[in-house]
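Take a look at these structures.
One chain, chain A, links the two complexes that follow: it is found with chain B in the first and with chain C in the second.
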Partner chain A sequence: MDHFTRRDAFKIGAGGIGAVAVGGMLGSRPAQAAIPIADVAPLKQPIEAGATLRVIRPTKFVDPDETVWNENTAKFQKETGVAVRTDFVGWEDIRAQVAVAARTGAGPDVVAGWANDPHLYTDKILDMTELATYLGKKYGGWGPLPQIYGKKFGTENWVSIPMGCGGGAMVYRKSWVNAAGYATMPDDLTKFLDLCRKLKAAGHPPGFALGNAVGDGNGTATWLLWAHGAAAVDEQNKVIINSKETIAALKYGAELYKTFIPGTLSWLDPSNNKAFIAEEISLTQNGVSIYFAAKNDPKTKHIADDIEHSRMPGAIDGRAPESANTLNAMVFKHTKYPNAAKEYLRFMMEAPQYDVWLTQCLGYWAHPLLAFDQSDCWKQDPKIIAYRDAQKMTYWDGYKGPIGAAAASVSAEYVLVQMLASVCAGQNTPEDAAKEAERRLTRIYRRS
Partner chain B sequence: MDASTWAPSRARPSWLARLFDNRIFLICICLFPAAGLLLAFLTYPLGLGIWLAFTDTQIGRNGHWIGLENFQYLITDRVFITAVWNTMFYTAVATVIKFALGLWLALLLNEHIPFKSVLRAIILLPYIVPTVLSAIAFWWIYDPQFSIISYVLVNVLHWRDTYVDFLGTPWAARWSLIAANVWRGIPFVAITLLAGLQTISPSLYEAALLDGATGWQKFRYITSPLLMPILAIVMTFSVLFTFTDFQLVYAITRGGPINSTHLMATLAFQRAIPGAQLGEGSAIAVAMIPFLIFATLFSYFALSRRKWQQGSDND
Partner chain C sequence: MTDTTIDPAAVTESEGPQLLSWDSRARRIVTIYVPLVCFLIVLLFPFYWMAITAFKPNSELLNYKDNNPFWISAPTLDNIRKLLFETDYLHWLATTMGIAFGSTFLSLFASVLAAYAIQRLRFRGSDYVGLAIYAAYLVPPSILFIPLAQVVFQLGLYDTPFALVLTYPTFLVPFCTWLLIGYFKSIPYELEECALIDGASRLQILRRITLPLAVPGLISAGIFAFTLSWNEFIYALAFISSTEKKTVPVAILTELVQGDVYQWGSLMAGALLGSLPVAIFYMFFVEYYVSSLTGAVKE
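So, the complex of A and B:
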């Protein structure tokens, strides 16, 4: 879920500058001081003579994401002599570039792409089990979500190295929620609906994107489905959207929609950020961007002071109904320097490099390795703790099916958003909406 | 050397020179760059698009020939039907409004008014601004929370109690998009028709004046028939531009709410590129071709008939 949008990037620009300053200070002492590191024998990956690497990854949304990445890469180059070139590619373009590289057997050696990508090309990329096991042992193990995205479905074989998880938590105004009679964000869906009704009555309505917003719209739809035990497909990718759980989710969504601020059906990704910062809404689901935009502007400091984050309500058996946008790195078999490529990924994931990246990006990409729970990143501001746990989520894009291309198509075509929005708008009954989504999903999943 | 030994013929030219003297060869070689460009950048992509429409190709995966399956699915797909309907509605309504307002504007600008050239330059502004920028401007104007129109209506004039939900319901969103398209399209129509108006000889109007014709009669019997040929061309272009519009819709609504404002172009893009269903997306794009051919033929032939131009008794 890319809860960050281009507009957020502008907003957070000022924050980025501040972050560089903070990072500069942090860099002066051993960054990994707080990270518990297990003693693990180093990997035997002799770097090939004369190796060079080409890396592609998505463009930054916070400045340090690019600067620290490049600093770490330069450090690798200095220590190993391997020349590395990183290209930062637009978020929508990277999937197509990976497809071309996989088909032609040329192009980048290493791709830090989106969560699904490595699973589309498992026969074209190198096995990562050894490296992932090494990193897992050394840094307290992998979180549940990186395990889902890193291993080939149903096996213990790692196909990729998840590098960071951008979570989408509940962002709310503490004082308004308290005034509505709730000390904290309720996890129970009935209580949450009651809270939203009270907030609306108090003139502080909630707002969740229901328009064709890639990150936020899909986030709203999947949250409601998962919170009701519904899923698009089963473990064999058989479409099971037309279920009583989905109907329940849609009915609940329609009730919840009545409490929303007007206009959410047309909301795109930046809309909830704008409305929250303008104090028009009391709660929404978003990445860390709202909080940092508010915190870094003196005019909105009072909003930041009043913001709290929590998990999205409706956990079933303790599983919060959220996923996270995961940066997932793979190495193509066509690389001439497989060891250099793996060494590069190892180097970037080791604490001296990784912790600087994590901290200076202010937790934008939350760590996949559990030892980094202890990072200074999460101690500098207790309000962002909810984003620390992005890697502990257990739902994924295309839950419950094997990870593949179809789930990405479902998000890109807003199939689940359309289902929910048509019921909220009163255009469709929940039963018809579920049937229509079933039809489209069946088509998308027909050959996967 | 005396004259008797002089051979009257010059040496036989080299094979290269003869080749370049060959008319057919010259035609071929001169046409080659243009034809090559057309083949490589028009014919090949169009052919590939049509071929993809009959396959189930996805990004990163080769497809198989599946015949008409994509089209069979699409005619039962509610979103596609809505997109076809939207496209026709959008094109028809926006073109009519653009022409009515554009012609009116052109007639006004053709009068002798002060600051004429400055006004003409200003009129062109919406057309000069890159579409995406104007789309973003409209996105703010239509924002459910921060719309300037809503602000004026609610907070300044107190005419309404609630903010206008421009994009929140399918019909409101469709009309909002049409308004944005009209705003953007008027200058093209107005300026081209103005050029057409200026080619009409003033002596015709002088003659009409002597005959005591009214303003309406001058428009009906002089302006409109003489403007008809250029009107046909402008109409054809305008229909094509509106029919294939993409940027405004994609930037303002992404096809939402509830996938109800998709045009065929935006739906084709959404399914083919972000959705990775190249085959189905191509099928939607290919489905536009008959509509485009029909729209072009209709506006071109219907409007450029001599009858219309020169009165019904002059076939």
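So, the complex of A and C:
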């Protein structure tokens, strides 16, 4: 393995494409860490004459997410002459645009969508095995989660290029947790429940979303299920939610709920951010956004100083019970310029571009390629280190079954979080809630 | 001629509201004013909340312990400044306005012709055609947007405002036609018969007799069409991908919601400014609007 330096930036790029312009661009960019890269033969993807590309991706997490992406795109355009236009779409809205593109066979050439999206359109998108293999060899291999989301389920064929993983770690107030008698966040579920009870008694209750929240609500439910060894379906998509593990998870959830701040049953994605910044809660599960929102406002800087992050408790055999929101890029077969589209993705994933994007995204995205563990991104602030390993998670949306439309429907219909919420609210016994979830899951998996 | 004196007390009494024997002030308060106040609170509170949120700094928005949630302690224009000068809001507003006017005009034109034909020409099956047009309105856009997208792409209209100007009538025309059928029904047929006897053609009757009498109905249908176009989301999301060509409802979500961080102040400022054109539209035409709903033309 070599080490990537500024000088090496001149050597990178298929056919030496990047040789000229990179130097100039680097002058205005932050210095980069030494990313270990292997010497891999460049891909042969001759760009079609007169190629132009349209790209859509979800809207920015933070401003540099968009500005550095656009800078990298402009750099690609300058070096290759391929005009690329990127449009940013609301997080919840990108799926409608992808559906239109897939059905009509027109529209964007490249879609950097969400984790499940490529798996819904495998017959309409290009095989990415060659590019993924090249990137994997060059940058230390792909993390487990990008491999799950990048490959067609059960095969070694890549259908997409995972570009970033947005983790959901435990966010907590260190001083309050310390005052409750815990030096660090316990991984053991019994101790964690004890901690939450003590925090509640001290007037600093925890809060986890139990409403129809796409990210946080589903995240709460899956965390508790996975931490108890439960799953919605097995490897063949047979519904197995009505199990003793699920019932144990629901009983634990009901006990935990007693320690929560009131109102979590109606919480949506922004609710825990608001409650944490308002100092109403002591801990929750979230992306890095709470930390940076607190850090960037002088009035809440003291909160940021007291924030710590950790893995969610309840790891089984060392597997943290978390997944990560993955930015997953695919190229539609309807593109007139498949090589240009693949070349664009390759360019965006190469260290001179990717590392700048990663670093300036401040930990909102974690790298899918393991060589970027060495990125400056993870050295600039030790508090965000928990988000670095999002790509090492081994659970996915629809675990343990194949990734597909049914798994997406389960999330969209909030089956799992509603099961948990009904028990927490006292509307259902754990047994009845599991039975009801089984009925709903069976219907969803039967129609898909 | 005799002089008469007027008792001021008697005048005051006669000018006041006439209370019936079973009526009383207390009864009126309970049956009219209290429900009215409740109704107004329910109706206006979201607008009040939207307005105060637009002028609140973030610290007040997030901390209800130290701040009164129903009032602003330190009002700020930051949210509006961010909206107007850090986004393409004015451009989105102009685009949305153009699309709403274009689709409203097209829809009204088509609906007038359709409603007149169905209501007045009385061809065989016209009743069923009216019913079928209304049934078309019930088809949800979330089912139609993918087939419509294919048409939009084939016509080369994807990512242009015309994609919306031409697709919004798919739900506006059925609605306006159904509304105008009802309104045309309230215009006495005898007026048209007189015109027919005087030798007017059908188009002349439509232009010179029916349409002038149907102005309140047209305005009512126009207001509905404009509002529906203004607020439409799914087609605007699916058929427009360039940021600068987006309509207000789609664009403010794209620009002001970053993951799980919602720029509530600017979002509410966007909603507030976005609702002003519709409110102004209503304000100018409210009398026509009300008269169309209550049946303006009396026989």
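Following the convention adopted for this analysis, the second predicted complex is superposed on the first by the 413 of 448 C-alpha atoms of A that agree within 3 Å, B and C clash if a C-alpha of one lies under 4 Å from a C-alpha of the other, contacts with A are read in each partner's own complex, and residues count from 1 in each chain.
Methods note: a contact is a pair of C-beta atoms (placed from the backbone, for glycine too) under 8 Å apart; a residue touches a chain by one contact, two chains touch by 3 or more.
Quick caveat, the model's predicted, so the values are computed rather than measured.
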Item to check | Clash or fit (per the criteria above) of chain B with chain C on chain A | outcome: clash
Checklist entry - First (chain B), second (chain C), both or neither: which does A:I261 touch? => result first
Checklist entry - Looking at the overlay, does A:G253 come into contact with chain B only (first), chain C only (second), both, or neither? => result neither
Checklist entry - First (chain B), second (chain C), both or neither: which does A:K299 touch? => result second
Next on the checklist: Taking the superposition on A as described, I'd like to know which of chain B and chain C A:R103 touches: first, second, both or neither.
Outcome noted: both
Checklist entry - Thinking of the overlay built on chain A, is A:A278 touched by chain B (first), by chain C (second), by both, or by neither? => result both
Checklist entry - What is the contact status of A:P430 with respect to chain B (first) and chain C (second): first, second, both, or neither? => result neither
Checklist entry - Just chain B (first), just chain C (second), both, or neither: which does A:G140 touch? => result neither
Checklist entry - Which of 6-14, 96-104 or 132-140 in chain C clashes with chain B after superposition? => result 132-140
Checklist outcome for this item: Both chain B and chain C touch chain A at residues 96, 99, 103, 274, 278, 280
Next on the checklist: Residue numbers of chain C touching chain A in their complex, please.
Outcome noted: 58-59, 62-65, 145-146, 149-150, 153, 158, 234, 237-239, 241-243, 250, 253-255, 257-262
Item to check | Interfacial residue positions of chain A with respect to chain B in the complex | outcome: 92, 95-96, 98-99, 102-103, 120-121, 210-214, 217, 261-268, 271, 274-275, 278, 280, 405, 408-409, 412-414, 417-418, 421-422, 425, 427, 436, 440, 443-444, 447
Item to check | Complex interface listing, chain B residues touching chain A | outcome: 56, 58-61, 73, 77-79, 139, 142-146, 162-163, 165-170, 173, 253-259, 270-271, 273-277
Checklist entry - For the complex, which residues does chain A have touching chain C? => result 54, 56, 59-62, 85, 87-91, 93, 96-97, 99-100, 103-104, 106-108, 166, 215-216, 269-270, 273-274, 277-280, 286-287, 289, 293, 297, 299-300, 364
